[in-house]
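Here the chain labels run A, B, C, D, E and F in written order, and each chain numbers its own residues starting at 1.
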Amino acid sequence: MGKVVTLGEIMLRLSTEQGTRIDSSERFVAHYGGGEANVAISLANYGHDAVFATKVPDNALGKAVKKHLQCYGVDTKQVLSGGPRLGTYYMETGSGERAASVIYDRAGSSFAEMDHLEWSLEELFQGIDIFHVSGITPALSKKWQKMTKQVIEAAKKAGCLISFDINYRGKLWTQQEASEVIHQLLPLVDICSAGKMDALYLLGIEKAPEAEEQPLIYYYQKMQEKFPNIQVFYSTKRTVHSASENELKGTLWMNHEYVESHVHRITPIVDRVGGGDAFAGGVLHGILSNMPPQEIIDFATAASALKHTIHGDCNQFSQEEVAQFLACGSGKIIR
Amino acid sequence: MGKVVTLGEIMLRLSTEQGTRIDSSERFVAHYGGGEANVAISLANYGHDAVFATKVPDNALGKAVKKHLQCYGVDTKQVLSGGPRLGTYYMETGSGERAASVIYDRAGSSFAEMDHLEWSLEELFQGIDIFHVSGITPALSKKWQKMTKQVIEAAKKAGCLISFDINYRGKLWTQQEASEVIHQLLPLVDICSAGKMDALYLLGIEKAPEAEEQPLIYYYQKMQEKFPNIQVFYSTKRTVHSASENELKGTLWMNHEYVESHVHRITPIVDRVGGGDAFAGGVLHGILSNMPPQEIIDFATAASALKHTIHGDCNQFSQEEVAQFLACGSGKIIR
Amino acid sequence: MGKVVTLGEIMLRLSTEQGTRIDSSERFVAHYGGGEANVAISLANYGHDAVFATKVPDNALGKAVKKHLQCYGVDTKQVLSGGPRLGTYYMETGSGERAASVIYDRAGSSFAEMDHLEWSLEELFQGIDIFHVSGITPALSKKWQKMTKQVIEAAKKAGCLISFDINYRGKLWTQQEASEVIHQLLPLVDICSAGKMDALYLLGIEKAPEAEEQPLIYYYQKMQEKFPNIQVFYSTKRTVHSASENELKGTLWMNHEYVESHVHRITPIVDRVGGGDAFAGGVLHGILSNMPPQEIIDFATAASALKHTIHGDCNQFSQEEVAQFLACGSGKIIR
Amino acid sequence: MGKVVTLGEIMLRLSTEQGTRIDSSERFVAHYGGGEANVAISLANYGHDAVFATKVPDNALGKAVKKHLQCYGVDTKQVLSGGPRLGTYYMETGSGERAASVIYDRAGSSFAEMDHLEWSLEELFQGIDIFHVSGITPALSKKWQKMTKQVIEAAKKAGCLISFDINYRGKLWTQQEASEVIHQLLPLVDICSAGKMDALYLLGIEKAPEAEEQPLIYYYQKMQEKFPNIQVFYSTKRTVHSASENELKGTLWMNHEYVESHVHRITPIVDRVGGGDAFAGGVLHGILSNMPPQEIIDFATAASALKHTIHGDCNQFSQEEVAQFLACGSGKIIR
Amino acid sequence: MGKVVTLGEIMLRLSTEQGTRIDSSERFVAHYGGGEANVAISLANYGHDAVFATKVPDNALGKAVKKHLQCYGVDTKQVLSGGPRLGTYYMETGSGERAASVIYDRAGSSFAEMDHLEWSLEELFQGIDIFHVSGITPALSKKWQKMTKQVIEAAKKAGCLISFDINYRGKLWTQQEASEVIHQLLPLVDICSAGKMDALYLLGIEKAPEAEEQPLIYYYQKMQEKFPNIQVFYSTKRTVHSASENELKGTLWMNHEYVESHVHRITPIVDRVGGGDAFAGGVLHGILSNMPPQEIIDFATAASALKHTIHGDCNQFSQEEVAQFLACGSGKIIR
Amino acid sequence: MGKVVTLGEIMLRLSTEQGTRIDSSERFVAHYGGGEANVAISLANYGHDAVFATKVPDNALGKAVKKHLQCYGVDTKQVLSGGPRLGTYYMETGSGERAASVIYDRAGSSFAEMDHLEWSLEELFQGIDIFHVSGITPALSKKWQKMTKQVIEAAKKAGCLISFDINYRGKLWTQQEASEVIHQLLPLVDICSAGKMDALYLLGIEKAPEAEEQPLIYYYQKMQEKFPNIQVFYSTKRTVHSASENELKGTLWMNHEYVESHVHRITPIVDRVGGGDAFAGGVLHGILSNMPPQEIIDFATAASALKHTIHGDCNQFSQEEVAQFLACGSGKIIR
């Protein structure tokens, strides 16, 4: 099994129950999550050694974060304690045509306020196979734009494969700002989650010609031509019928080969937060396990589909459970 | 913004949770609502001055009604206190093929037992743009048949537009009784919620010829011919696939023009009680805001669709939220 | 109305709430149920005298079983008290593509550990019209293989019709073991729940010829040829789109006639446990009430469809409610 | 074991959860109860044949009443179905210094509206040892004042002992009205729950002389002198420290002997509704079981104390559990 | 009835349920409150015109604040909308010996970040009888130290009585800082909540001589000597037996007279947050209603005691309910 | 910090909510716990390396156990997977005078069914300071009587201090059986939880003379004379006022010195399960931290008192939190 470090912010999500608005909710359900943390949990579930590096305040919410991670077997030795607060956000759970609605209250968090890398990077990356980080981390501050590059360089130097999930969030930075920073990072990256939108709006790839029959392959090719160091690109194609029903297909470009999963019809959606992270976790697991591309994309998409059926940000399924789901198909009780 | 008075009964609804029958339910969810109250709340949400006139008992349930209305900014100065009890009903929430099931326990309520109009009608309607009442109010008692006419006449005299929602309930009165009363009221009305069923069974309109391509337009025309004082007719067309899935289309006849909304597929239905009132509230908002007909019907139907995704009888969305929903379409998280 | 005895094990089911896994669930919902108990409750709901015979431990869980049965009017005089424990199982409720997942903890229960028939069989079957038992009972132990035969013989002798639901469970015994025992029992049986899978894998019927247009009729015919004593065969055909959406059709072979219900689209499925028992209960009710075959199958399938919309193992609908559901169709509020 | 009939109204209680007011409660907990129903359940729990006679509406709330009674093994064959509604009341659960607060909504119920005895009294009382009714029943209407007398006479004629619990409720009738009716009933009574307040304000007993050391014995003696037909008087003495803490002592006058229980300190009070009925049930059980007076009062008071620790109106403890509680004392886990 | 303005911050409190720690809580109960907001609600409950002035973010949490206030009839026209966020805090509810534990996350709130008074002070104070503010407001920032003085001066100029609750919070500022600011404010104040601790540590009063029999009177006298403009001083004396049991006594110095309430034994404490604000609200109500001092202190302390029995920050009792509580005493059901 | 191994069974506890009986509970709260597991969690909370060795089934309940332990940072590498089932028990939570009531369903568990020590004992005890086990483990089976001795001998040989908690359970074995086994184990033990009852009924110490002023010291002395290898004895003295109120005092005999804590009045008791384990965990922490005896007993008793205020079997407080509780006393909010 592999050894992985992921690094990023983890937040407290406060959600309403189905059919209740934030402004009249008498209680909020609490979940802890963040892109990189969710990937670490997926990988720990699959049996890998997963370390999550972050910084949380020295209070009960910081402890809650550690308990959450430890519960899934993620190593929390690199979870720093200190700083002003834990980032939070409020989510009004969507239903049918009504989309979920979010209030961010993440500014000034212990992680976002960091101004230097407080970990011993040497110790952090010793013996690590993959280092994973997302585009949310450099989006948090000017400091983090620099620090993300530093930490990736240190990981690279220590011999890690670099996994990067672009994960562009328009609420955190502009396309231009993101584009600049990402262009600095991608030459260091080996595995990259990026899709058509990223290609067009952040990486400056030209629109596929109208005649192109498989535009996604076109974008993957162009991205790889631009960043030949990246061996793996992957993304999901999500068709949103409503907040309660989506279709999801996984796609992967690997070793110059394109594969895709079958389409999962996900209805009802119990909780779609973290669906992308479950997908990324599945891809990294496939790579660490030397699966062939088709197997990787089937596994990763199945993991993401399962995540949608469970409350909380993180994938809670083991390798065996995802495999059994792939084997058995949809919805039957075994008894 | 406009000034509106609505008047009617408000009841306590006691519902089971999904998948639980009334006869084995250990608890009931409490919601307060009534057609006219729900319309007042919609209009207050959209920024209008909304006054709701009713009578509730002088006890904690009466207070609960006031708190519920005040919470949304509805003016409760015209909520009278006294009388024997608050009308209640029990609802076994439907699911899939199983329809909701209702036990009414509304007889003898403080409102239904009123035998004269206890409000100062002059004060009530001073400066008011629209007075809204539904066909449930005259259905409550012989007294209320007379009093509904009196109150409409007073509003008319004070210069209000009269809005009337036929809202026929077979459990409260017979078609014949309803028909007689409604024929007395409609000559006073300016805006009327009425559809094909009302035309056929209450207003004595003949069935549209088989060849008629748009029978709904036919009915609207015929109704207006009969009551030329009414400038606006509106109704929804609901296709019930199951208790959990409906399709909803809004239709409007205004200034001799027919418009309709696109069809909303509502699944899952969280709570359909008050869907019609949210629609009526949207239409009145459109009229008060001088929207063109197509905009009115789009807004009103969207408001009704949103209502179905939330627990409780009343629309809880602001004008901005309904507009954003119309602009963005179904089910996407914005982040 | 008829008099019926059913006999079998009843267990405590501990379920998670939707979207929560067993390994992170802070609470479990408790339901009591078992095939034969569920049939007894259905029949009591329809107005028949229903007696359930079982053995439960002499503790609060045993009392809970009795309260559960009594609540629906089932006669519990034949519920024995004693033995080591109540069988339990844990259910992770399925959702969408994710199937329900079950952990059985039923070994060593008071019922399964019985080594002789502790009831007075004479008293048990006095004046009884139908005795119903399922294939789960002989699957519990070698002793129960024998005791099931004994109890059926005693019922037969007392003049009861024998109703048997094959209900094969691969987790309890092998096909071969089941086949042998069932071949001993079926010559005593009058009414049998069995479908294509039972015909092929347990009763040794050959596969229907490819050209056969209605293979189910073929299997019913072949089964009856083999067991001419059985006058009624019935089963459901379930199409599993997901854990949240199934289609269900009931089929019946009776007096050499084949009838089937229309297809019920069940979505969302609130709780499918006991769906088959509700179907069996409907069939037995139809027989006791001398309904014609088409009416029986419509009633039984409707009862099963309704069961899926309610939490808990047992059908909670009266004869009138099932009939009204058949008359009114899907999902409309009556008000 | 004995055979008992109790007769009276049963209502739906809708309670808030601790620390929540009625006017801001989003849900209500549902309990079904009434003095005579609660006594019937107590006696069924102790192994007696208990029949409860009442009238409930023919709807799901009426069914809920039957399910509630059947669950405890009470015979519901004499529960009539029909009439307008089930009486209800709302309870704001008290806590500490804040008393519980109640809104009655019981007028016009199916039971209260009865104008003649719809049961076959001969059948009702055949083979019955004790008939129990409370002073709430004649308080419901003028008709019920007469009908209560009729039903008691019929029971007396059929050879039943008559048990009457005065249970004066100032919200239902005046002291004078109550006094008159009770004076008509008591000459027919054998067992009577009445205490000092009843003696003084309803039965016209003069205040005990100041010097009297045991005024309660005085009142019991005087009451019995007045109604020599009554062999047993009993009541509890409750010291209310707060809504969460009471002290409770049971007292009994039987065969000219006075006995009392030790004082139970009840804290926290989980639910005190039905505490008196559990006490009455215990006394009747003692009489039916030929216990000596001291044993009766210890058992009945213990049953009442246990009732206070459980949600719901009725005693849920078996004879063995009450006995064990008496033997073991307060609050120890046995493991 | 009077007209009152209160001004200050209002926050979202996120609490655990009893017996659950923050770091393992799956959900948080949401309450909105703040000292001045709670006082406004109390006064609105008692029938006064109460205006609350604050600033909340323009999102669903800001709307929730308005709904909360409106629900109790508080005027929200002076609730400004904008700024970065709503202050929040997490509370681990205490129980028995274990004290409640709090994590503040209030920095950077829309209110605390204000740098000038955005209200029209003239409009704000027109026709107002009392302006109430607490020492928490100047503790929020250097700006608010100045702005608090400005706003008090404007109120004074407009003819309001000034009510000030010292409410010292060591987590927000030092004693020295507080002392300086409070010395600037108190010369403008008419009614002041301050006790022995405030006298000693903030107002520089010397410790009462050992021989002093009634040291509290001493401190009130000394404080008034120092600030002769203040006519009313009041405070509570709380004896903390545990987080679940307190004793509470109210004391008042008014017109050179000292009065105190009887001692309330509060057990169990449901929620003590806002207990002091309920007391202040009661005192201001007494002053507005021209009650004599003893009546004021009895009423205010009773209101505070009732507050402790209800979840949420604000007093939810009407004038009549507090008066009835005073009249009836502890814990009896009226029925 | 120290390194500790504890070994024993861990079970699923299924509890009712306050005021609900097992036989009418619609849901059960799930907690995982066992004496040795609880001690391991306490020690992990205090910062020690804690390993828990057990065997759980290879299913979701087994996973739940691991997640529970990992969440608190307990090392689960020695948690074996396999065997038939997880032991469970049902608990009816007590309240006031009504004691908790328990149904054990622990027979045949994966741990109890073990017939040889499946761990590598060498690896298990390498570098470990203390090995802790309780008298429940040998009580589970004849095999475990032998295996407990074996595992203690292996730990001793590896240089561990041996900690043994007698924890006699009459439901598992007789006093005679327990006495024999414990006499074999105690000569190997260094630290022992044993009190007066153990001395008298299991260790054959004679009753203290009537004149003895401090009988507990007498028993500690006598026990140590008998087992001079044991340096530390400790136990709690619990006065049970009710299921909701206990008094608790900790006592310790160490280095021939007797110390005791002050008395904690614990009311309300939220959950007393695991109170003794929290005490034992505190004592072991004190020994590992070289605290003086008085500090040990104060810390351990405080930890136990805190445990009673929280749901769940295990102590959830850190070293700092227990210390702060000792410093601050009962029930005050810090803000």
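Before moving on, here are some points about what is shown:
Going forward, a contact is a pair of C-beta atoms (placed from the backbone, for glycine too) under 8 Å apart; a residue touches a chain by one contact, two chains touch by 3 or more.
The shown structure was predicted, so the numbers you read here are calculated from the model rather than taken from an experiment.
Among the remaining chains, those touching chain B as well as chain D are C, E. Counting steps between touching chains, the shortest path from chain A to chain D takes 2. The interface at B-D recurs elsewhere; of B-C, A-E or A-C, the pair that shares more than half of its residue-numbered contact pairs is A-E.
In summary, the pair chain B and chain C forms a contact in which the copies contribute largely different residue numbers, shared numbers making up under half of all those used.
Of the two interfaces, E-F and C-D, the higher number of touching C-beta pairs belongs to E-F.
Annotation: 46 Å between the Cα-based centres of chain A and chain B.
Taking each chain's centre as the average of its CA atoms, chain C and chain E sit 63 Å apart.
With centres set at the average Cα position, the gap from chain A to chain F is 42 Å. Touching of two or more other chains is recorded for residues 21, 23-24, 26, 67, 71, 101, 268 of chain A. Going by the touch rule set out above, the chain pairs that meet are A-B, A-C, A-E, A-F, B-C, B-D, B-E, C-D, C-F, D-E, D-F, E-F. Chain B contributes residues 14, 21-30, 59-61, 63-64, 67, 84-86, 88, 90, 92, 101, 103, 105, 107-108 to its touches with chain D in the complex.
The part of chain B that touches chain A in the complex is made up of residues 71, 264-271, 305-306, 308-311, 316, 325, 328, 330-335. Within the complex formed with chain F, the chain A residues making contact are 66-68, 70-73. Of all the residues in chain E, the ones that touch chain F in their complex are 18-21, 23-24, 94-102, 104, 169-171, 240-246, 268, 272.
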